[in-house]
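Shared chain: subunit A. Partners: subunit B in the first complex, subunit C in the second.
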Partner chain A sequence: MLRGSLEQLARLRAFIAATAPQFGCGAEDVFALELACDEAVTNIFNHVFDDQMGEVQVELWRQDDAVCVTLDYYGRSFDPSQVAEPDLTAPLEQRPEGGLGLYFMRQLMQEVRFEFDAVKGNRLTMRRALGEN
Partner chain B sequence: MEITITQAANPKMIAVLHVHGNVDSASYEQFQQTAADLIAKGARDMVLDLGQTPYMSSAGLRALNVIYNSLRDENATRSNVSAGVVKGTYKSPHLKLAAPTKRVLETLKMSGFDMFLEIHHDVPSAVASF
Partner chain C sequence: MDFKSEMRGAILVIAISGNLDALTAPALADAISTQLREDKTRVVANLAGLEYTSSAGLRVLLNGVKAARQQGGDLRLAGAQPDVNKVLELSGFTSIMKSFPDVETAVASFA
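Moving on to the complex of A and B:
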């Protein structure tokens, strides 16, 4: 359970680095999980909790030939399909600030699924196939 | 994360920021502000030493983008930059990276930032490239 704000990111990455190898993750997988979860939790703290204190429950487990992670939290929903793909060929001077977080998550994970429920809470599930990367 | 600053002469003065530690959304503002303070004091050419930076999230890239824009050559027209980008030849003449760690390099490539920033093996070669 992460309680607080962005200072929790180091704790999140340490948890993944300590836990993921037990599920058969190699160094590349650990890095991918750390970065994808960092980006996801950053978005939750910034855009759902509005930089206020909040709570995110993180679970990591192995499912067949993949490693999965869920992030559970309460707060507002958004439509992921409305988040524009960044133009990676655009010169930096023409790029908007930010906007790479969800792109990174989708690049690093085979599945990124959002479920929103005002009563039961929101859940972000990410899955990364092992042994293919 | 901590940042130390040194100056190199080539013969113009080049500010070298040595970034020690991870750059994420909890630390990127400090990174960005340190560079902004140097630019406000007149720095026009900068090397970011990422040899002691194990990890950078998209927040760090956001800071890089802001620093890049702050150091942009006002004489370079957008069409010149665009033409260079199309040819794959445009890189910032004022902001260069040195010795990025493996993970940071992956992040730079995944975002396409490596197309617009020179990446050197070490600080001396980055300084010599100005």
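Moving on to the complex of A and C:
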């Protein structure tokens, strides 16, 4: 359970680095999970909790030939399909500052699924197939 | 995350070490904009000691490059380690930022 704000990011990465190898993750998988989870939790702290304190429950597990992570939290919903993919070929002046986090998550994970429920809470599930580096 | 700055001739070298994430990136952003305000617009970010960056760190570097170039200078990268390089490539930043294997080459590139 991450309770607090952005200072929890280092704890989150340390948890993944310590836990993921037990599920058969190699160095490349651990890197991908750390970055994807960091980006996801940063977005939750910044855009859902509005830089206030909040709680995110993190679970990591192995499912067949993949490693899965869920982030459970309460707060507002958003439409992920409305987040424009950043144009990575644009010249410097036109590079957008935001949107990279979700883009990274989608690049690093085979599945990124958002579920929103005001009563039961929101859940973000990410799945990465192992051995596909 | 720690950083320290030194002048090598007319070039400002900022050595960044540790982890850059949404918590630690703002301090680096402040440091870079302070230096740019003092007209130190030719900057090398030494990433040899940087173990990790998220998109928050990249955003700081991107803004640094934009601001430096607007003032007629540039911010160039040096010594990025494999994990940091992966994030730079993932973001497509390698096409807009100049990256060098080490500080000496990056500093010399301004000559």
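Throughout what follows, the second predicted complex is superposed on the first by the 133 of 133 C-alpha atoms of A that agree within 3 Å, B and C clash if a C-alpha of one lies under 4 Å from a C-alpha of the other, contacts with A are read in each partner's own complex, and residues count from 1 in each chain.
Convention: contacts are C-beta pairs under 8 Å (C-beta built on N, C-alpha and C of every residue); 3 or more make two chains touch, one makes a residue touch a chain.
Since this is a predicted model, take the numbers as computed values, not measurements.
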Combined model on subunit A: subunit C and subunit B, fit or clash: clash
Subunit B versus subunit C as contact partner of A:E39, first or second or both or neither: both
Partner chain(s) touched by A:F104 [first = subunit B, second = subunit C, both, neither]: both
Which of subunit B and subunit C A:Y73 touches, first, second, both or neither: neither
Partner chain in contact with A:A10 - subunit B first, subunit C second, else both or neither: both
Shared contact residues on subunit A - subunit B and subunit C: 6-7, 9-10, 13, 31, 34-35, 38-39, 42, 45-46, 86, 88-89, 91-93, 95, 97, 100-101, 104, 107
Interfacial residue positions of subunit A with respect to subunit B in the complex: 6-7, 9-10, 13, 31, 34-35, 38-39, 42, 45-46, 86, 88-89, 91-93, 95, 97-98, 100-101, 104, 107
In the complex, subunit C residues that touch subunit A: 19, 21-23, 52, 54-56, 58-59, 62-63, 65-66, 69, 83, 86-87, 90-92, 95-96
Interface residues, subunit A side, partner subunit C - complex: 6-7, 9-10, 13, 31, 34-35, 38-39, 42, 45-46, 86, 88-89, 91-93, 95, 97, 100-101, 104, 107-108
Subunit B residues touching subunit A - in the complex, by the definition given at the top: 22, 24-26, 55, 57-59, 61-62, 64-66, 68-69, 72, 78, 81-82, 85, 90, 92, 103, 106-107, 110-113, 115-116
